[in-house]
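Two complexes follow with chain A in common, the first pairing it with chain B and the second with chain C.
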Partner chain A sequence: MTEKKKGKLTKVLDYLKHDDPFSKGVSFCPGCSLELLLRFIPQVLGNDIVITGTPSCSAPVLLGQNNQSWHTLSYFGTLMTGAAANATGLVRYYKKAGIKNTVVCFNGDGTAADIGFGNLSGAAERNEPFIYICYDNEGYMNTGIQKSGTTPFGASTTTTPFGSASKGKNLRRMNLGLKMAMSKIPYAATATLSDLDDLAKKLLKAKEAKKRGFAFLHVFAPCPTGWGYATENTIEVCRRAVKTNYFPLWEAVNGKIRMTKTVKKPQPVSTYTELIKKFAHLNEADLKILQDDIDYEYCMLGGLSVLESECQLPVSSED
Partner chain B sequence: MKPKADVKTKAGSQIKVITGNAAAAIGAKLARPDVVAAYPITPQTEIIEQISKFHADGEMDCELITVEGENSAMNAVMAASLAGGRVFTASSSWGLVFMYDAILATAGARAPVVMVNVNRETPGIIAVSSGQQDMISTRDAGWIFLIAEDCQEVLDLVLQAYRLAEDYDIQVPVMVHYDGFYLSYLSEGVNVPLQEDVDRFLSVLNDQPQRTRLLPGGKLGCGTHGILGGYLELRYKHVSALERSKAKFEEIDKEFHQIFGRSYGGQIEEYRMDDADVVLVGSGSMCGTIKAVIDEKREAGVKAGLLKIRMYRPFPSEAMVAALAGKKAIGVVDRSLCFGFKGGPIYTELKSLEIQLGGSKMISFIDGIANTDITKANVEQMIDTTCDLAAGKDVREVTWVSYPEAREPDSEKTGGL
Partner chain C sequence: MSSNEFLKHEGPWSDANDPLMCSDTGGWRTKRPIVDKEKCIFCGFCAIYCPIQIMEMVENSYFSPDLRFCKGCGICAKECPKNAISMVAEGDF
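Take a look at the complex of A and B:
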């Protein structure tokens, strides 16, 4: 479907082997990173995926209304509390019935890091053969910008508002991707929308890895409405998150981490936060706390990437 | 315990002395589910242990998901059911309420899940003891609820539950309840049917149209937003299916009898009801004791009978009216509370049929809560009180049988708890 053109663009388009199953106009906010991500996934993985989604920003488009739908994918509107368990039930039945499948369990960070973390963790422990994608917009955006486990230090949300007695969220963020990598699953990776070829490769690797079990993608998905940045800056926010190591790109096979993009001279986090209103109240001392957290997490990744062995699972004879 | 079978054990089927939990596990195994989700909780644990052993020994060809909590158990079997599978899970009490949102979603999605709930008191007061409060806590979820009296009925109801849940005209999840501790750990003789007979009994479902399945590339959505009329349509169809399930359950009971030789009467079982003046309405394991006391009372010339509720949701209103209309007095035995009402839940619901019952008087007995035994003496007291009511004597509307300190819940007392 794509003509060979020069440079990187062609490289990305080469991954889009399948149709876009979504309606041309959908009801996301202007500048939403989620739309690009949702359209991208089935174009890379195929239109025969079964996608599950919860009440969240994705729901107005993914779940449809009554008998009307924005897309032609098989999908299942699940509960936030049990999304990974729903996906588990699907893949286990398909396995029993001999039905070839790619189940994509697609959730926001509220489901993945907070209310549904227990069953995400359980599915990883049982090594269930499906792809879990967390699109991380660092909070409960659909309900009106509330704090979640992945909301970073200093971010002002409606439940951690900036005020005379508060700097916004006064806690560090949960590193969900790293947690899942530590589950020693066949595949875990981070990705974002400024690096689409990296995302595409990781989607395909996840599809391959699910033959061996659980695959997890942690996708940084900024939100212009909730974070307060210009709608045209979505990709730039992603880019700067990578360049500051705020959101480093890596993958982990059986728990062993490898950087997929190394930033030679990481920029200070202020080059990222300056674009975003939710950080606008932070002073230098506050930014230092955020920077320290980023440096600490990056240091952990570095340590884990020099491990000498990976943790192999016994290969099932049925595969 | 009671003569139910009018034919002898079929050739090849076996009488085994097993617990209620084992009967449930064997029932599930005989139904050949595709996917089973397992998570332990007292007093249900033995079911999933036995299924796990069947699975480990290669006797049960299912996907066994050892989930990390009950909420996931229900979510997993709901999804597997929507994909087209036959599923099973079991829980109790705290576990049942931990899966509550998924229980609601399963009913809303019309996923024909079959599960067993071994009745136990719910959170509120920690109590590792029997009681139907968990059943009451989930009764408005939109499921079909069946209640077993003994271990044989546990096994038989699990099989009947699949016929009911997966019937093309019903497609509503079914929960089989039985009393924790009293039946879960009670060993008694159970006629374990032949696999080929169970296969034959369930094969009716194979001849029905294929229900909608969520399949890769199938372009089907489950769990869309229900908006206005769309929402109303689904709810109306759900309520209608529940109404249809009453007659369907009666049919299934008859077919079950033809194959296995055991019949239970469908939605309700009537015991010595024909000429009864006073009736106790009960459910579950208490009914054996009630029948024994009724037999004794009959010897003494008291015309007492029992109406046993087997199908609790949908509420068997028509069958109950037909059986109870014109009786002088009715005592309803509840093994749970109906917070906000003085009387028990089943009593409160039966009161809504007072006009149809043509003036039968009713009283509420609350007993068997938190493992307080519903003894023969207790039942005798209930029958005597109901007789007093029939005779026009002044009796309390609500009696906590095992807690004689209780008057009717006191609205005048003040000061602290």
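Take a look at the complex of A and C:
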């Protein structure tokens, strides 16, 4: 055999120190970014994590079916209204019993941004020591692609369809990551699946920050079935979302925001929306509204990231 | 388990020794990834981005998918920097 030019193995494989606890044939759609995220988390954090979650796309796999299981992790299934409250209970039990492990509250954007936001906000205020991961597929995908609070402007869903009377969602999306960063929790970050080394670093940082309190991760996870794009484009959609500043990557330690990836020349949002069928009906004026919204949020992030260094606070901070 | 006097039997769902459930997801596939061993530079991008994590290292020289579980999404072919993976329709086999 002739000598072959070998590249270097990607560094992401160094983060995958633990076994994959899931069985191979798992009932997620082909090209599902949630499956990649779910297999990634225990390989980075270790198989001793306890996952608690709610009815969502992740639940049929995490909860198991009939009397069999898809994985060997510990899972506690709960209702959407009480996701973070249940994680709080688990954390307090483990603390009382003297068991050292990591509780991961793994929810979709419907739970995190809409239905279970009260619990999430309360847990952040009480600074409960667990990791809350929100995988954001911008809608209620498991129940049939209804719109949620994080669905962006113009997106066509089954409750905001495109037709003669409606032109997709006519409201802007909420920025959940920024909301949680404003709670001044020890660690809040956004991540996506095109930058897996960034995601792995943030997961490990969240595990470290858990000793000080609440850690929140907002992971952008596109859905090929609900959004209408070809299954092979999952990572490309994530990449373009970062490159157009649609989903900027940042982290906030104790509320201090730092960009972890800055895009030098942000592309127009049309390079992102052209891949996805739920944005197919958008015209120039709609794209301008979406672009303005993205620019506004990015400007706000940029401003917040320099705020603490530029502002001289009248009272010296506690630390 | 036997120390619990109220629940003698915890139920079959708590028996971790049972084999894990596993679907025949390879049957969903419409296109099959074919790896060109010569073009493969062993960078590992297909392995990390594969949602099912079925790309296996073979002889430390190339990656090969486990076709029993491959759903045929095509992410590996799209993300390969050298275009070493091509998606071929299942009907051709």
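The rule is simple: the second predicted complex is superposed on the first by the 298 of 319 C-alpha atoms of A that agree within 3 Å, B and C clash if a C-alpha of one lies under 4 Å from a C-alpha of the other, contacts with A are read in each partner's own complex, and residues count from 1 in each chain.
By definition in this document, contacts are C-beta pairs under 8 Å (C-beta built on N, C-alpha and C of every residue); 3 or more make two chains touch, one makes a residue touch a chain.
This is a predicted model, so every value here is computed, not measured.
Colleague: Now for A:N86: first (chain B), second (chain C), both, or neither, which partner does it touch?
Modeller: A:N86 contacts chain B only, not chain C.
Colleague: Quick check for you: in the superposed arrangement, does A:T102 touch first (chain B), second (chain C), both or neither?
Modeller: A:T102: touches chain B, not chain C.
Colleague: What is the contact status of A:K17 with respect to chain B (first) and chain C (second): first, second, both, or neither?
Modeller: Neither partner.
Colleague: Quick one: classify A:G122 as touching chain B (first), chain C (second), both or neither.
Modeller: A:G122 sits against chain B, while chain C stays out of touch.
Colleague: After the superposition on A, what does A:T72 contact: first (chain B), second (chain C), both or neither?
Modeller: So A:T72 meets both chain B and chain C here.
Colleague: Does chain B (first) or chain C (second) touch A:Y94, or do both, or does neither?
Modeller: The answer is first: A:Y94 touches chain B but not chain C.
Colleague: Check whether A:E232 is in contact with chain B, with chain C, with both or with neither, and answer first, second, both or neither.
Modeller: In the superposition, A:E232 touches chain C alone.
Colleague: Quick check on the superposed pair: does A:A59 touch chain B, chain C, both, or neither? Answer first, second, both or neither.
Modeller: first
Colleague: Just chain B (first), just chain C (second), both, or neither: which does A:K256 touch?
Modeller: neither
Colleague: Please write out, lowest number first, the residues of chain A touched by both chain B and chain C across the two complexes.
Modeller: On chain A, the residues that contact chain B in one structure and chain C in the other are 64-65, 67-69, 72.
Colleague: Would you tell me which residues of chain C are touching chain A in their complex?
Modeller: Residues 11-13, 16, 18, 20-26, 28-29, 38, 41-45, 47-54, 61, 66, 68-69, 71-75, 77-79, 87.
Colleague: Please name which positions on chain B make contact with chain A in the complex.
Modeller: Those in contact with chain A are residues 34-35, 37, 62-63, 65-69, 71-85, 87, 101-102, 105, 214-227, 229-231.
Colleague: Flag every residue of chain A that touches chain B in the complex, lowest number first.
Modeller: 47-50, 59, 63-69, 72-79, 81-90, 92-97, 99-102, 118-119, 121-122, 125-126
Colleague: So in the complex, which bits of chain A are touching chain C?
Modeller: Residues of chain A touching chain C: 4-10, 12-13, 16, 20, 22-28, 30-33, 35-36, 39, 64-65, 67-72, 193, 196, 224, 230-236.
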